[in-house]
């Protein structure tokens, strides 16, 4: 303790300094503004959970991708330099491919690999390297094929027929049939990603261990990782694109929301993800900045079509009408979310603003229930998790719904599970007796709707956990996917939305604004319309 | 000599009855223990008559008015994050928190009694076996064990009671086992055998009462620990599930706003847990002292 | 000065307060011991004889015991007026005590020798080595075989008799004027009892240490004491020359007590015959 | 002594085997499917089966178990299913961290618990006694996850004396000193329960020791109270105290999980908790085995120490 005496004084000094800083910083401090950007400094980010693995192709969950994305890049990327307000859907931009062409029949993609790009280990990027990566995720006969990576990136590569490299810097991918969402899917992360890794590193460390020695091409490179404590990245000074200002970035997993807020207040981190809604206002008052976006996030309920009561469309519609989304957004979640009425998030080309469809209307809900033969309501079970990525505060939200439904006579019991085991429970499909299972998901590509509603992907085959199936919907979505123009596709997807909405197969509840709380010395942070972000533009004062 | 020992069982029986009377009298003199008992009885009564006392529905509130402080007109202890009346939840919560504290201990106690006495009295291979199995469980930290079992059974009131019960058995069985081994060495058991009582009679009439007292003491104290442990399970999400007004659940969701100046949401139920846990402990101490012949007569020797 | 007694107790009153009210364990007791004298205090357990012994050294540890009145003149000075510090000086040095439970009255965690040395060095300005020698003397004084070896053994390694001897050695190590022996032989079997009694008698003869022998056993009194005081219910019901009291006890209680002893004796004789 | 040790070590091995079997059986029942949780929402059945096969999870249980136990005997603890890392590379650091935390707490519970108990015993039934025992008891009766947050709020936020959580400074992690500063709050929080237990225990044995006959003898020989207490009595209660402290050491290894969660201390408890929910067999197996091993060893050491501390048992031991 003698030792810490000194340290103690230092700390209190820091605290005082912080107080002063907050005082002069004031609540007006807004990101991007004051002063001129300059490089240097370490940005400490308090993230909501531990990162599973630093292998972008294997990694699951947004949390992991937010870290991996700083080190790894896909062929085609999204432009995350614009806030949601300026770009509802992030535009696609060249990533490790400078340009690409699609054959008229929509089956052959030709990518021109970006020249003079080096991996962090110094090895050069070329078509062969990219092919190596793709085969790792797709080609069962490949020496470095990895079932886990394949499992994660399943939906990207399943239409792929063959790979060719006509010249060292050109890559040709031939599809089984036209697959319109392909380019957008290349830019996605969260359920695996197509981030390109250094083949040398995979050869050196093997599929299982390469995650401990991540080597990519991104703006930041790996420094060290202490599980449960930190992941440290440093600026990649020979990055091909605009080099970041920050010298270092430290991601610190702080799963407990309260301790997350505490370490921000104690200046142990400069920024935190997923603040408890009730903390946002007071943090703002004490001089912290709030950065919000409109990512492709839907907090939704999948109704159980194997449940006798839920089979009834009227019941599903009634439930939709009985939930006070706006109330939840303002009262419980302090406007850190927007009420959701469409199955697709606004950050999605196929978004339909059908607000009127399921506005809060308990009386109409009661009528529908009566029509459906449940004048006095019924009781059922709701499955949700106690925490987890994108889940915001699932239990209080579920309790909110429970209270809403109680008002129309529907008694629900909550079945809450810890996130990791919830994922597997959820994926196994909703058991009879359970009315609906809750989940948070979404993508900027409308194709996501297919993933959660296609009858070919009924759980446990896929993520259609409610076992919803509508032939007409399947057909429309098929047309959307095989469309050769984006516009054509989007039209079909919107049609699909309407079908799902009319069936009330899924009850979208809210869209997260994914708020981040930043200390007043953080500048240039942008919340784009994605579940993840870039850090090239961030600088510290 | 023999005449003396033959009367022994009767003698012990008498000794026991008088001992019991002494114990109860000693307990009655122990102000602290009596206080604890009163508190517990009160809580139990409140829980039983919750429907009559509780001013509001513990499960449904008005989410548009949240987190009001204690002393708000109409809401003595304020509102929680869902706009539910904390007092009402506290009142109903007794049902959950008490049953999760008491039921497992009782059930585990019965199982432990059988296991421990059989193992301790007949000893031999069976005793060895039972005790070795228990050793294995002891190598497993109690909290983790409870979590594992809870994870297996899934969340919910009944399941958490089951999980905790299972977790407690070995610990209680050990107490019974040691007591049994000690007691069965004493000569009144010998005497009983000499007097031709059957093993079952000896176990039931002679050993049971003497083994019971240490178990009762232990069990009472355990109840205090269990209510805290159960709260912990709820906190991790493997225990009782919301919206149940269990005190542990209330404390853990109140945590989220504790730093935001709404400390009461977590603190009030936390205090309840604290009080009840302490009450159980003090009662346990009281019973122990009461059963300790040294202290029954007040001053020593 | 020399003709007044070594210890003169007058009107000693010791009370215990308990839930049942105050118990007058010692209720106005007077007696005295001459220098080098041996007084036996006899009585059943609970008669207050042990409490009397403890009262003299003011060792009534328990919080609810109080000396309610009387005088304890030792060398003419009232011990009841002495400060705790002064009392500590007296204990073990001027007056020391030996207890009934030989088996447990020594600290099981320290070597016999160390316990002796501790007490010796407490009361006498002597170095370790000298203290050790004195300890050895004390041990030899009480006739412990291989005293020097015994010094380095732990209490549990000694027999009951030996422990009792060690305790006496401890008590005598600083050459006290008065030795209070509270049932020193009860826990021991007959033969050892006799040895201990003889030892005490010898100590009294050789060193002139006065002894206050607290016992329930007239046999012990007969063998050791010159004067005796019979206690009953916190009072001394009869006292005087041992021979006289044994021959024709005046107090009925004394008679009863003696009677029971004799009857037992005769029974024992009949059984052994 | 030697025979005793051999016997104990032998039974230890048996216990450990028993533990591994017990864990294995329990874990078969946990709902969590490691592969599902690894592959996330988008997992398709066909991919899941593929990965299960790759991990050998489709083999019969007994085969899986024997395979694992053989590995352990060759010093290979296997791979974590969900983190696809060698178990040892994840568990050893975390075990170390937990031991640091446990050590800190143990120190506190020794330095505070024992004297507290002794003082209480000196003035039995006094205000001091009742008070300190109530405090000790109270400490054990508060949900740690609540108390922990209060501690953080006061000492980290309001007073700013210590960091709120974690083990190292985030921006420039330091060495020993850094850990020490971070250790204070969590170890205090973790120490609460054991301190209470130890204090109550110490009080109990102290009361007993104070009523021992030899204490009266010492007093009768004029030994000053100070020595009676701090030399003789303390020495007398040492064995039971050491014993209980040993037990607490064992408890702390697995019992600090809540503290680890609240103070974000990267320990074994938290890791095992996530592994259990994810059904990550090899991790749980190894983790529990570690704890069990340390647990048993601690107990063994304790027993030997107690035996050696008491001259009456020293020979037999």
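Labels for the chains are A, B, C and D, by order of writing; each one numbers its residues from 1.
Heads up, the rule we're going with is that a contact is a pair of C-beta atoms (placed from the backbone, for glycine too) under 8 Å apart; a residue touches a chain by one contact, two chains touch by 3 or more.
This structure is a prediction, so every number in the text was calculated from the model and none was measured.
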Which chain has its Cα centroid closest to the overall Cα centroid? D
Looking at contacts between chains, which pair has the highest count of C-beta pairs? A-D
Using C-alpha centres only, name the chain that sits farthest from subunit D. C
Using the average of all C-alpha atoms in each chain as its centre, how far is it in Å between subunit A and subunit D? 38
Subunit C to subunit D: how many Å between their CA centres? 51
Between subunit A and subunit C, what is the gap in Å from one C-alpha centre to the other? 88
Counting only Cα atoms for the centres, state how far subunit B is from subunit C in Å. 50
Residues of subunit D that contact two or more other chains, please. 30-32, 149, 153, 157, 261, 277
Shared interface positions of subunit A, touching two or more other chains: 258, 262, 265, 417-418, 421
In their shared complex, at which residues does subunit A touch subunit B? 257-258, 261-262, 265, 276, 278-279, 282, 324, 327-328, 331-332, 386-387, 393, 395-396, 398-400, 402-403, 406-407, 414-418, 421
Counting only contacts in the complex, subunit D reaches subunit B at residues 11, 14-16, 18-19, 22-23, 26-27, 29-32, 130, 134, 137-138, 140-146, 149-150, 153, 157, 211, 250-251, 253-255, 257-258, 261, 269, 272-273, 276-277, 284, 288, 291-292, 295-296
Within the complex, subunit A is touched by subunit D residues 30-48, 50-51, 53-54, 79, 82-85, 89-90, 93-94, 149, 152-153, 156-157, 159-173, 176-177, 180-181, 184, 261-264, 266, 270-271, 274, 277-279
Please name which positions on subunit B make contact with subunit A in the complex. 59-61, 63-64, 66-67, 81-83, 151, 154-155, 236-238, 241-243, 253, 255-262
What residues on subunit B touch subunit D, complex-wise? 32, 132-133, 135-144, 147-149, 151-152, 154, 224-225, 228, 231-232, 235-236, 238, 248, 251-252, 255, 258-259, 266-267, 270, 273-274, 277-278, 281-282, 300
